[in-house]
Amino acid sequence: MERQVNPQWSQWIGYSIRMLLFVTGLGLVLSFCLLPVLWQLVTALKPTAELVTLPPLLPTVPTLDHFRSVFMDRPFARILFNSTGVALLTTLVCLVLGTPAAFALAKLRVPGQRLILLSILAVSMFPPIAIVGSLFLLIRLLHLRDTWWALILADATFALPLTIWVMTSFLRDIPDDLLRAARVDGCTTLQALLYVFLPVVAPGLTTAVLLTFVFTWNEFLFALTFTATDAARTVPVEIALFPGLHEVPWGEMAAAAMLVTVPLLILMLVAQRHIVAGLTAGAVKG
Amino acid sequence: MVVLRLTRQRLLPSPACVLLALSLLVGHLGCHPAPPEDKSLRLVFKHPRLLSHEEPLQALLNQFRAAHPALQLDEEILPSSSDQQHLFYVTNLEAGATDFDVFALDVIWIPEFARAGWLQDVTAMLGSAELTDSIPGPVTAATHAGRIYAIPWFLDGGVLYYRRDLLDKYGLTLPHTWSEVRTAIQVVLQHEANPRLTGFVWQGKQYEGLVCVALEFLRAYGGDVFTDQGEVQLTQPTAVAGLQALRSLIADHLSPTVVTTADEEIAQHIFGRGEAIFMRNWPYAWRLLNAQDSPVRGRIGVTAIPGSNAHVGVPTLGGWHLGINRLSRQPELAWQFVAFLTSAESQRQLAIASGLQPTHLSVYADPQVQQADPSLLLFFPLLQRAQPRPVTPFYLMLSQVLQSEFSAAITGLKSAEVALQDAERQMTRILALEQKETTRALTTGD
Amino acid sequence: MHSRQVTEHPVLFILPALGLMLLVALYPLAATSWLSLRDEFPIFHISRFVGLSHYVTLWHDPRFWQSLTNTGYFAVVSVASEVLLGLGAALLLHQLFPARGLVRALVLMPWFIPTVVAARAWEWIYHPHIGVLNFLLLQSGLTTTEINWLGHPFLALHAAIIADVWKTMPFATLLLLAGLQTIPSDLYRAARVDGATGLQAFWHITLPWLIPVLSVTVVFRMLDALRVFDIVYVLTGGGPANTTETLSIYAYRLSFQTLEFGYGAALAVVTFVIILFASLLLQFLLRRVGTTT
């Protein structure tokens, strides 16, 4: 009988504590992630004279000069186009090549499976700085210097291991009966992959797309070495060109950083919906 | 159940279709760059963004274009970071690149590139008339095995900035030795109430700038890296005294501890906010510190790098040269271009417009230049004694050793003596490599 | 039974991916390995075979051991922090709350920023004089002098670690969140019926399910952390006094600043071997953890 005294109270307190912990936790995570980004935004809006003085923390008169300068003084629109194009195509290449490979390694019996997976992983174990020289020789040999394809080839090669590993790990989780059932229904292995497995493993697929896209978008070393003009130059290299000999235009660089992250933010918001859609459309378990 | 689900699936998830279509469209648009102009001759000039406004350089390039209508002159910009440029040049030149013809070189790379066979011998470009009109330091720095491999374009050298108002307030004269600098700092700091005021800011980050500063101290006390015969003399008492003097600035709180992470920009900010009495930097800062909205506008001066009681001060030489790719497909045009861009007339135009120190003595004597930018004349006498860092093909190897050891000394991880001993040991090993190779080449007839 | 069609052969599924990697990656990897057995000094015009002498020199090189220690410390602290924080963030973001999609996207923002830009941004924050971190510390009275974040031998490496954790935590969050979403909810329902607490459910359901994704996350993050270059180089350049010099920075210095190509290649091969062993060890350990829970 005594245990029944105020059951609602203890439930309410337990709920409140959990709620408080949740909100605090979320707040801390958001602060940690966003405060430096917000600081970049503030820096981008501060007039140049105020950049080097603290206080004031916030700009007295916010200005769009830095944003304007980013587009006016440099071919930034073209550079954004380059980055987007290279990232999209690299992601496409990784998906088209990586997904079948992951499927084979996860679901089909492949001789030397573990060794193959390890070799694929080994490709990402060399420090990029050590191979950029010889990779550059290869690019020159193929007459691809200062083109999109130089970057697409290099980035796709080094992003493939992650794509394959992520997809393999997600595909492994799906029970083998699905493949057997699909075969019973008359699918070829390829059809099984495309029509049965892919929709189910949508979260993994979307994750792989995001990983590859962001990796390529942010890649710096190859872009610096293989490009020479704005025909193929990507955003990170362009931003590296902002500083003069001894002057660092903090305002412009912050503005460029903001401009560069917005497309990715949009991409993420769009991709979110697909993760959810994938889950509700193709659940097979149970 | 599975059969039902199977027939309900569409061909491909629709976002993937969109991704595919978008990629193909963008790929098609982007993979076809604009067709190059139909000119048979093409000259490519690679350089970092040296000026905050590109118009003066563009004007010169257009002049050259007008004089050579059949030529397509393209410029390709590299990041301003000296390291990133070096990375680019090494990767490309080692691979035998012919994509660029003329490029801007940091003064310390010239012997290295020359020895590796990447630069065209341009000794003939500097005739006797040119040589007499050139400041000697930059020419020496570009000389390797008796031949010149790059033409001086801009001069740079260390100078000491000071707060004229503070020195005047306490009746202090301009310091000529580092001890006088120390005394001046102590007097001012004792009487000034501003807690954020520091004594002397300089570049102490572990990078090339630190070697420039440290060499100025070593040489002020009569030390140096090499003797005239090319032997390492870092452990001489003079060199140890110099490095100890540098270290003691931080230890005695005459320099803030943040100098150990400071480069030119950080030092300039601290001094520019009025929070330092002295600053060691390059001439470029003068324009920025005297700009309209600078807090120290009109309150600062520059003087030569101090020495010690026994030796006069020796600023470290910096600067940029122009070199020609030995594998250039247009050697004659490249030659003409370099001669044009480094000529007294071009340097005159660039000096008036942007304040970069010319290397032709005649430009300094030009009254139009003097009127347009008096600061050029201000720096001219201060840079007379500027000496280059060791002019050797393996300077960058040596610099790596020096950067580490100097950084260890000023952060207190090692004493000045131990740091210099370690540096000397490593440098001797590097030099032995060269001697071994020279002997080997002689004996095997390579 | 089924007729063996062409599309049935599993090797054909792997061939395109392997083909690309062979075409593009094999030559540079092989060239670097071969280079490590040679003395290549363009400025001395030396080009000859020296066998394993570079590896012997490396063994006796104190700068190598220092960079190895720096890199190891950086990698372990950084990856552990990222994965733990990432797991916490993923658990939080897995709950249902309004604007969850937007919050998830916002949490990923650090990862969207290009590394060199992020490094510059943190350099700006750590700026001893006009950086906001010192400003806030001084204003709030937590410190009385400007802290030399990037110029103090001990602080510099940790400053770089914080910047790296900030930058890459979203990567871990993303992967772990995707992993969390594959856990069937019936398992939790069944656990609740059996009277399990939240913590027990986490330990016996969530973690075991996450082991595969956790493995991928930890292994790949470790691979990246052991090869770290951009963020440390921009922040400190490897200083002060080589206290933040990582294996990649040392290799960069050897190959591109001192032009000791052979020695630099040997360092790259040794880095590769170290990473190989580290990843094998990690996978082995994680598999053991997976089988015991």
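Per-chain numbering from 1; labels A, B and C assigned in written order.
As a working rule, a contact is a pair of C-beta atoms (placed from the backbone, for glycine too) under 8 Å apart; a residue touches a chain by one contact, two chains touch by 3 or more.
Treat the numbers as computed from the prediction; the structure is a model and nothing was measured.
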Counting C-beta pairs in contact for B-C and for A-C, the higher total belongs to A-C
By C-alpha centres, the chain nearest the middle of everything shown is C
Cα centroid separation, subunit A vs subunit B, in Å, comes to 37
Cα centroid separation, subunit B vs subunit C, in Å, comes to 33
Chain centres from averaged Cα atoms put subunit A and subunit C apart, in whole Å, by 15
Multi-partner residues in subunit B (2 or more other chains touched) are 87, 91, 94, 269, 273
Touching at least 2 other chains, the residues of subunit A are 52-53, 133, 137, 240, 248
Among subunit C residues, those touching two or more other chains are 130, 252, 255-256
Listed in rising order, the residues of subunit B that touch subunit C in the complex are 83, 86-87, 90-91, 94, 112, 115-117, 204-207, 256-262, 266, 269-270, 273, 275, 393-394, 396-397, 399-400, 403-404, 407-408, 411, 413-414, 433-434, 437, 446
Note: in the complex, subunit C contacts subunit B through residues 41-46, 63, 127-130, 146, 148-153, 156, 236-243, 252-253, 255-260
In their shared complex, subunit A is touched by residues of subunit B numbered 2-3, 5-6, 9, 11-13, 15-16, 19-20, 22-23, 26-27, 29-31, 33-34, 46, 48-52, 74, 76-81, 84, 87-88, 91-92, 94-95, 97, 99-100, 264-265, 268-269, 272-273, 282, 284-285, 288, 293
The subunit A residues in contact with subunit B across the complex are 49, 52-53, 81-82, 84-86, 88-89, 91-92, 95, 132-133, 136-137, 140, 145, 147-149, 178, 181-182, 185, 187, 194-196, 198-199, 202, 209, 224-225, 228-229, 231-232, 237, 240-241, 243-248, 270-271, 274, 278, 282, 284
Listed in rising order, the residues of subunit A that touch subunit C in the complex are 22, 25-26, 29-30, 32-34, 36-37, 39-40, 43, 51-55, 57, 93, 96-98, 100-101, 103-105, 108-110, 116, 118, 120-131, 133-135, 137-138, 153-154, 156-158, 160-162, 164-166, 169-170, 172-173, 183, 188-190, 203-204, 206-207, 210-211, 214, 217-218, 220-221, 235-236, 239-240, 248, 250, 253-254, 256-257, 260-261, 264-265, 268-269, 272-273, 275, 279, 285-286
